[in-house]
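Both complexes below contain chain A, partnered by chain B and then by chain C.
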Partner chain A sequence: MNGKTRLLITWIIGIIIAIALPHFVGIVYTNVLVTFMMDATFALTINMLLGFTGLLTFGHAMFFGVGGYAAALALTHIPGFPLIGVIFFSAMAALLLGVLVAPLLARVTGTAFAMLTLAFGQLLYVICLKFREITGGEDGIAGYDTPPIHLGFVNIDITDPTNFYYFALVVLGLLTFFMWWLTKTPFGTVMIGVRDNALRVDYLGYRVKHTKAVVLIISGTVAGIVGGVYALFHNLVSTDGVLTIFVSFYPLMAAYIGGVASFFGPILGAAVLHILDELTSRYTERVDLVNGIVFILVVMYAPFGAVGIWWSIKARLFKKAN
Partner chain B sequence: MNILETRGLYFDYHGLEVLFDINLQIEKGERHALIGPNGAGKTTLFNVIIGGLIPRRGHVIFKEHDITRATPHELFRHGIGRSFQITSTFTRQTPFQNIRSAILSKRGIRFNMWSLVDNLHDVTKETDDVLKRLNLYAERDFPASALSYGKNRSLEFGMAVASDPDLVMLDEPTAGMSRDETHAAVELIRTLTEGKTLVIIEHDMDVVFSLADRITVLHHGEILATGAPDDIKNNQQVKDAYLGETEV
Partner chain C sequence: MSSVAGMYITQGIHGLVYGMLLFLVSSGLTLIFGMMGILNLAHASFFMLAAYFCYAVLQVTGNFWLALIAAPVVAAFFGVLAERFLLRKVHYMGHVAELLLTLGLSLVILEAVKVFWGTESLIITVPESLQGLISMGQHIQYPIYRLFIIVVACVVLVFMALILFKTRLGKIVRASVTNSEMVGALGINTPIVFMLVFGIGTWLAGVAGVCAAPLLTVFPGMADQMGMDCFVVVVTGGLGSLLGAFIAAFSIGELNAYGVQFVPRLVPVITFSFMVIVLAIKPTGFFGEREA
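Showing the complex of A and B:
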């Protein structure tokens, strides 16, 4: 059995498990799985910037939030708005925000980039907090109808947790596949080049700023779609839920804990965080404290995260085998 | 015909004058060396030409384009390749991936988000050809950080010439190399810049005299002499200022 068939079999088993899972774990954990998938995909969008282009962002919640608000506003004000329209609307809103902020953000690097994303993120947070007439301020927007999936003659009601799980699985799975594909294209190699040595990339004829802007816009748009899925899932979009600094930090933690050096690391990180949440909340309310300690330990002792630990184990086994 | 010209370049670092009225003329197809004692302004001149330093006065002309204020990616697209004095490759990537980045850019494949890069067989083939010419094919898939110093310098040089530029600018390509490595590097530079124009900054006089068709000597920020290697060797001014110390 060669590597390709083994990979194919792994994927088929994975997909079968993903499809079967909600029938075994019950409604509560089906919903936990949906939150996990959203966090994981959101963490992947951050890792496109952090792990693949070398850009640390503290304000990615702005894209997530704008996507969420766009979905909520469309569903509140336009009667009978279709589901595909919600996704499209979220994407377009985040894309627009990306086109607005990317030209400025692409000019700076390092700490300045991180601080500027933080500034834009907080700016949007305050704007949404103050524009009560449109955004509902702290209370947010709630109580809109969730449209069903139209499939010709049948309508699938996604307010049912299992159905929503499948809906999220397909949408977020496609987004993940798209991001993974992107890292394997020529553009993906330019992203990695910018991370490793931006000056050399410039002398090789690539426009570094344009590249960074495009990555930012793509990453933001995908984050916006995840925000739209969030709006459909929670039926509530508020500044505290989608725009606070913690919304930006959570996927960053997931990316670091899972491993920024690999594509799938952030998914693993999101899984670790969710399992940790689940376990610690049984004993204490100080979930964030435990998360924080784990984060510090990872940064200090395993800078490449869980994936990095796995790599070093594999390297050691390989040495022993030889 | 001149492929590269500097016209009346003046440059100062916040008032400290470094270059005075530099008029350099590089002919198409020649191998031109810039030499001079430490502090003569060689590296500054190099950086004014292609390294992002803007002169106080004067212009840099390449193939009839004014490139005085051109950005690095514009220089590449005009057909200029450069190497760095301190090796500046993608150390976390393999030599193959390093060279492939140059090949992709040369072919204008810069924002392609739909094809898998490993499936671009033309690009793979051309990259492999370049690696073979650089004697790096055996190290094709090692991380660049694991290569020896000499191999890394070859890769550095390779990234300057992989895109088949008209003008190759090399900043001390043999710095820090052993005698044998230097010999190999000179041969490599000679074969891979065949038919191209080469401008090289170099301290090693053996390298300079075995490689260059013409030499420009810089001294205190001014051009002291320009000419064929033999003329430079016998130039009394140059001997007094520079070569005399090293006994050529």
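Showing the complex of A and C:
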């Protein structure tokens, strides 16, 4: 059995487990799984910037939030808005925001990029907080109807947790696959080149700024779709839920704890954070304190995250065999 | 003098007070940026931490003056610890790790504060000698406490300026802000200087925190607003430039004060647009040498 078939079998088993899981864990944990999948996909979009293009963003919540608000506003104001339209609308809103901010953000790198994204994110947060006749301010938008999926003559009601789980699995799975595919294309190689040596990529004839802008827009659009799924799942979009600085920080922590050096690291990181949540929330209300301490420890002692720890263990175990 | 003019003048002094607080916090931030090349995301957290220490001291002793002296010192002590045992360890990994570390630090401080003091707003009353209004002219009644803030800030700033521009230590600090590697190469122990500047920076933020505590009340979100405005100040003034931070702090302070009066909902947009306009004309900010 060569590596390729083994990989294929691992994937098939993984997908079967993902499909079977909601029937074993009950409603509560099905919902936990949905939030985990959203966090993981959101963390992957951040890792496209941080891990693959070398851009640290502190304001990715703006895309997530805009996607969420777009979905909520469309569902509130347009009667009978279809589900596919919601996803499309979220994507377009985030894409528009990306096109607006990318020209400014693509010019800068490093600390300045981080700071500018932070500033844009905070600006959007404050604007949404103040214009309460549109966004509902702190209370947000709630109580809109979640449309069913139309499949020919069958309607699937996604307010049912298990059905929503499958819906989220398909949408977020497709997004994950899309991002993974993107990193394998020649464009993905240019992204890595921009991270490692932007000057050289420039001399080779590739456009560094354009590449950064495109990555930012794609990553933002995907984050926007995740925001739309969030809006459908929670039936509530508020500034505190989708736009605060912590909405940007959480997936960043997940990406870093999991390991930014590999594509699937952020998923692992999101899993670690969710397991930490489950364990610590039994004893204390301040879950983020534990998350923050873990995050600091990872930054200090394991810069490649959980994946990096696994790699070093593997290297130590199999050193003699090589 | 009409009452309208009085109102404008009152708002102007409000802006001055806020500008003073902003400059106290952002002067430390800009010096730390100059030395380390990163914006310390946890800086405003020390501002908040000092406000909470002030509350704690007031609860135990009831003496505001003691709190004004002790709380910033304790906050600075924590700042020095953070620099020595956290930031210095990741310095070799580059700016991204340092930024992420300060981010984690701000998160931990925020949550720790919630553990010890809860999430409600805590009210701090100023001592009786500072309560009440002072009458300036016919239509202007101004709270004494806010004037007291201006006095405290001025004393601290003059003192800091004397150290920075008239002593050997100040010379070393200014040189390190410009080029810390060169200073290190000349045989000066730059890590100690870093630690000292970090401590003084957090102490300044702490003084601002205690001063602001009775005005804003003490609550876990107080770091956010201050942090964002300070960020705008430091970037607009030019990263690493004290004079730039000084001018930017008062511009933002006044913009805030008059913005609240005329277009209350657009205040953050105004300050942010101010930053964008300045950066569009001069990408380094007022007096910065490095591009933001």
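By our rule, the second predicted complex is superposed on the first by the 321 of 322 C-alpha atoms of A that agree within 3 Å, B and C clash if a C-alpha of one lies under 4 Å from a C-alpha of the other, contacts with A are read in each partner's own complex, and residues count from 1 in each chain.
Keep this in mind: a contact is a pair of C-beta atoms (placed from the backbone, for glycine too) under 8 Å apart; a residue touches a chain by one contact, two chains touch by 3 or more.
Since this is a predicted model, take the numbers as computed values, not measurements.
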In the overlay, answer first, second, both or neither for which of chain B and chain C A:184 touches. first
With both complexes overlaid on chain A, does A:58 touch chain B (first), chain C (second), both or neither? second
Between chain B and chain C, more extensive residue contact with chain A: C
Is A:249 in contact with chain B, with chain C, with both, or with neither (first, second, both, neither)? second
Which holds for A:273: it touches chain B only (first), chain C only (second), both, or neither? neither
Return first, second, both or neither, reflecting whether A:102 touches chain B, chain C, both chains, or no partner chain. neither
Touching both chain B and chain C, residues of chain A: none
Which bits of chain A are touching chain B when the two form their complex? 181-182, 184-190, 192-193, 196-197, 199-208, 211, 214
Listed in rising order, the residues of chain B that touch chain A in the complex are 71-73, 75-77, 81-82, 84, 88-93, 97, 100-102, 104-106, 109-118, 120, 159, 163
Give every residue of chain C touching chain A within the complex, in rising order. 37-39, 86, 89-90, 93, 95-97, 99-101, 103-105, 107-108, 110-112, 114-115, 224, 228, 231-232, 235, 265-266, 268-269, 272, 275, 291-292
Within the complex, chain C is touched by chain A residues 50, 56, 58, 108, 110-112, 114-116, 118-119, 122-123, 126-127, 130-131, 245-246, 249, 252-253, 256, 284, 286, 288-289, 291-293, 295-296, 299-300, 303
